[in-house]
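Both complexes below contain chain A, partnered by chain B and then by chain C.
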Partner chain A sequence: MNELRELAGKLLSDGTVRVVIGWEDARRGARPVFITDPAGADRLIFDTRCVHNLVTYLNPRRDNVAALGKMGLVVKGCDAKAVAGLLREAQLTRDDVVLIGVRCGGVLEENELLAALPLTPENVAPRCYGCDNREPRLVDYLLGESQPEPPRPVTTIAERVAALDEQPLEERWAFWTEQFGKCVRCYACRQVCPLCVCERCVADKTRPQWIEASPHPRGNLSWNITRALHLAGRCVDCGECERFCPVGIPLTLVNRKLQQIVGERYGYTVSDDPETPAPIGDYRLDDKQEFIK
Partner chain B sequence: MSGAVETKGAATKAGGAAAGFEPRITAFVCNWCTYTGADLAGTSRLHMASNVRIIRLPCTGRIDPLFIVKAFERGADGVIVSGCHPADCHYTSGNYHARRRFAVFHDLMEFIGVDPRRMTFSWVSASEGAKWRDVVDEAVANVRALGPFDAYRALAPEDAGMAAPAGPGAASLPAPAATEAEAP
Partner chain C sequence: MTHVWFISESDLRALAGDLLAAGAEVVAPVAVDACQSPSAIASSACLRPGAAAVDIEYRLLRDAAELDLGRGLPVLSLKQLFLPEHEALCRWQQRGVEVTVEEVPTAFAPRVVLAAKPCDSAALAIVDKVMNWDYADELWNGRRAATTILNLACPVIDDSCFCTAVGAAPDDVKGADGLLTPVEGGYVLEVTTEKGRTLAEAHMARLSTAADALVAGSDVHRAAARARAAANLEIDAASVRDWIDTHFEDPLLAALGVRCNGCGACTSVCPTCHCFDIVDEEEGIGRGTRRRCWDTCQAPTFTLHASGHNPRDDQHVRYRQRINHKFAIYPLKFGEVLCTGCGRCTRVCHAGQDLVEILQAIDIAARRPDATAAAVAGAEPAGS
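Our next item is the complex of A and B:
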């Protein structure tokens, strides 16, 4: 942690960056913080409560953050994948940001705690299980000690997806229409997503209105299918959409399913290498087409 | 034209899965291959099911999966997406991009619980009038066997059936979209 504070202080005082975005300790646990004064660098922390994907502040939609000047951003492995996503799609250039990578051994599912807890199968964020990027590569600095693998959660996301896959179509339809039926269309999932970069979202279009705007099951289904598809092969599994969802729709299951689909069909795994093209928008002449007559 | 659609819609509502159900199928086809192939099927006077309404687009790459969702929303019981065979795309690679997009869409819809037999994807070239007939007949037979897509229609705002788990106020909302759906 001292390492992080010293580095942030140095970057701010020598003018390399104008702002460092990281996490601080607050009344309700860890939360994002913007540090602009080198003296404030002592507020920075990193522990298992730092669940937030701060790359959402790099999203080109947030020009108010960009207006602060060059940014130093503290990133975990999953966050670094989101940066790679923005670079891949030319939403960012590598020089726009100084990436301070932290070695991460998983985070808590519930982060509003006054002190960090060691991870157990009960409290670990399920998405951390099987993480392949505990030491982000796409960074300018890599801090912290080497971390062990996150514990296996009581029920993994893959197991939950597999359980749904085994159900008959009608059961799955009933499950998802009930879950999406809860949606209040606050679009928190979209707003927090580091990769929902459109200046104008199709859900906000009114002429023609592609997606019905009021929260009823039909429009909700349309919105949720669209959200999922637009993130197919792009989602980095940071879990922020589900964490922000005020009605608890298990969006992680949809996102994971899409990762499995692009993995099985196109051998694609999302990584923090911006040179690897995303699977949608790319193609091979011999792509599987067993569903086409 | 629109009169025929109304009649079919009425039949769909009254009939149910049993007698009198005529599937309503929306086909999204590319201008260069499948549309021409369908035209050939017509000028060759091939007999085929008359349940399909064709929407012509420049390329399969122009077909957003949202079009299909919208078709279901507006009362389609099934959809067909068809375009040029691989390597034949008028725009070189539009169908390759579409193939990936629809593969993902197909699998996602299946995960959400939509029967994949309601969605037919095919490559039909300008010379394959007979194949177009086969694609249409098979799609119509599949959807006829599955029955009307009542599960999707039940999501419509005016219907209280699915509204139980919905967000607050869903049942009391006015239903402007439903009236639109009646007038294609």
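Our next item is the complex of A and C:
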């Protein structure tokens, strides 16, 4: 933690960056903080409550954040993958941001706590299990001690996806109909997603209206399927969409299934290497095309 | 026209049962365990041994035993009983040049809400004003007229409750027809409207005279709850209103929204946020439904003009708008703060926006004209 505070203070003092975005302790727990004064660097923390993917503040449409000046951003491994996604899609140039990587051994599922807890199978965010990027590579600095693997959660996301896959089609349909039926179309999932950076979302278009605006089952299905497809091969599994969903739709299950499909069909794994092209922006002669009939 | 009675807890449940037996719709707080659903796989919390994910929600009672008198805060307020998330306004059908429009009913079956949160009923009375300002909203008014509400005095949920700071109270009867206050052995019931009296008089067998000692006990309970709420936040709402109204470009207001992601969860759970969008949805060739659905000022499209210009083109100004509307614009227009201090926006925000802290910061700025954003710890996101 001292290492993080000292580095942030130094970067702000010598003018390398104008603002450092990290986490602080607040009245209701850890939350994002924007530090512009080197003296404020002591507010920075990093522990198992720091679940927020701060890369969402790099969205080029967020003029008020950009107006703060050159940014130093504290990133975990999953967050660094989101930065790579923005670089791949030319939403950002690498010089726009100083990345302060933190070694991460997983975060809590329920993070709104006044003190950090050690991770256990009961409290770990299930998405952290099997993390392949505990030490982000796409960074300018890498801080903290080497971290152990996150504990295996009581039930893994892969197990839940497999359990759904085993269900007959009608039951799976009933499951997702019920889940998407809860959607109130607040678009919190889109707003917090570090990779939902479209100037104008298809859901907001009215001429023609591709996606019905009312939160009835038909409109909800259109929205949720569209959101999923637009993130195929792009989602970094940071889990912010599910965490922000006010009605508890298990979007992590959708995201993980997409990752599996993209992995099987294109041999692609989302990483924090921006030079590896994502399937959505890459054409290969051996791409599978048996679905074209 | 206040009338006061005593009702035991078993009689209160029996009263709910009587209403159900008579075919009335009864809405009340119910403890809902998400893990009881066949879809428990949806929540990893449910997959742990012995897990339960209990939420309090306002639901249609099926059985009087479901009535939850534990006095927790329902996830969503009473708002959606009067302004549903989406509802049809009319349906149309076109045959050639002939268009027929089918209206929706604006009269509703009688409905009783038991054990409502005082902050939730007070919100209805505040929103009544905008719903009857330049246009009388028949659907809102129809549901309001058909509904009788008995509040249950609130113990104050946690340190994000601040009803007393914005003119409401944990024992408010505003927007409701009566109040239940816990006392030894049951509740003191006081009714304050004709609707409330009609309800009470129809169930006199369940009520008895409230002894003076019990009424005194309920007063102590109510005063203690008010003191608890006041300890969380004390502001001068009039100064806050005037300060916001005269400091539109103040850096403090611009700084408040920097960490906000614009997800709009705060407006969904807010008992007083009432903005809606009207959309026409075609349902086949030449027919369709005009609906209104909840909208949010936190979304960019809320103010997007047809020209492409957006006067609120970034999140910090959309957040400022939310604060401005609630604590300055609405009070100046309708004489009431558009907030009842329920604290749901703060509890639901995963980015850490905290209205208690924000109101405190504005109050400090309003009381001290020389105070700058830098003097206001916590609300100033840049730490400088």
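FYI, the second predicted complex is superposed on the first by the 288 of 293 C-alpha atoms of A that agree within 3 Å, B and C clash if a C-alpha of one lies under 4 Å from a C-alpha of the other, contacts with A are read in each partner's own complex, and residues count from 1 in each chain.
By definition in this document, a residue touches a chain if its C-beta (ideal position, glycine included) is under 8 Å from a C-beta of that chain, and two chains touch if they have at least 3 such contacts.
This one's a predicted model, so the numbers in the text were calculated from it and none came from an experiment.
**Q** With both complexes superposed on chain A, which partner does A:Pro215 reach: first (chain B), second (chain C), both or neither?
**A** both
**Q** Between chain B (first) and chain C (second), which, if any, makes contact with A:Gln191: first, second, both or neither?
**A** Second partner only.
**Q** Tell me which partner A:Val83 touches in the superposition: chain B (first), chain C (second), both or neither.
**A** neither
**Q** Between chain B (first) and chain C (second), which does A:Phe175 come into contact with in this model arrangement: first, second, both, or neither?
**A** both
**Q** Quick one: is A:Leu164 in contact with chain B, with chain C, with both, or with neither? Answer first, second, both or neither.
**A** In the superposed model, A:Leu164 contacts both chain B and chain C.
**Q** Pick one for A:Ala232: touches chain B only (first), chain C only (second), both, or neither.
**A** first
**Q** Touching A:Val98 in the superposition: chain B (first), chain C (second), both, neither?
**A** Neither partner.
**Q** Taking the superposition on A as described, I'd like to know which of chain B and chain C A:Val55 touches: first, second, both or neither.
**A** So A:Val55 meets neither chain B nor chain C here.
**Q** Let me check the overlay on chain A: which residues of chain A are in contact with chain B and also with chain C?
**A** On chain A, the overlap between the chain B and chain C contacts is residues 164, 175, 178, 184-185, 212, 214-216.
**Q** Any idea which chain A residues touch chain C in the complex?
**A** That would be residues 19, 26-37, 39-40, 43, 52, 56, 62-65, 68, 109, 122, 126, 153-155, 157, 160, 163-164, 175, 178-179, 184-188, 191-192, 204, 209, 212-216, 240, 243-244, 246, 248-250, 253 of chain A.
**Q** Of all residues in chain B, which touch chain A in the complex?
**A** Going through chain B, the ones touching chain A are 65-66, 69-70, 73, 86-87, 93, 96-97, 99-116, 120-123, 135, 138, 151-152, 155-157, 162-163, 165-170, 173, 177.
**Q** Which chain A residues qualify as touching chain B in the complex?
**A** For this pair, the touching residues of chain A are 164-165, 169-178, 181-185, 202, 210-212, 214-222, 225-226, 228-229, 232-233, 247, 254, 257-258, 261-262, 265-266, 279-285, 287-289, 291-293.
**Q** Would you mind writing out the residues of chain C in touch with chain A in their complex?
**A** 34, 37, 39, 41-45, 47-49, 85-86, 159-160, 254, 257-259, 261-265, 267-269, 277, 279, 281, 291, 293-294, 296, 299-301, 304, 313-317, 346-348, 350-352, 354, 356-357, 378, 381-384
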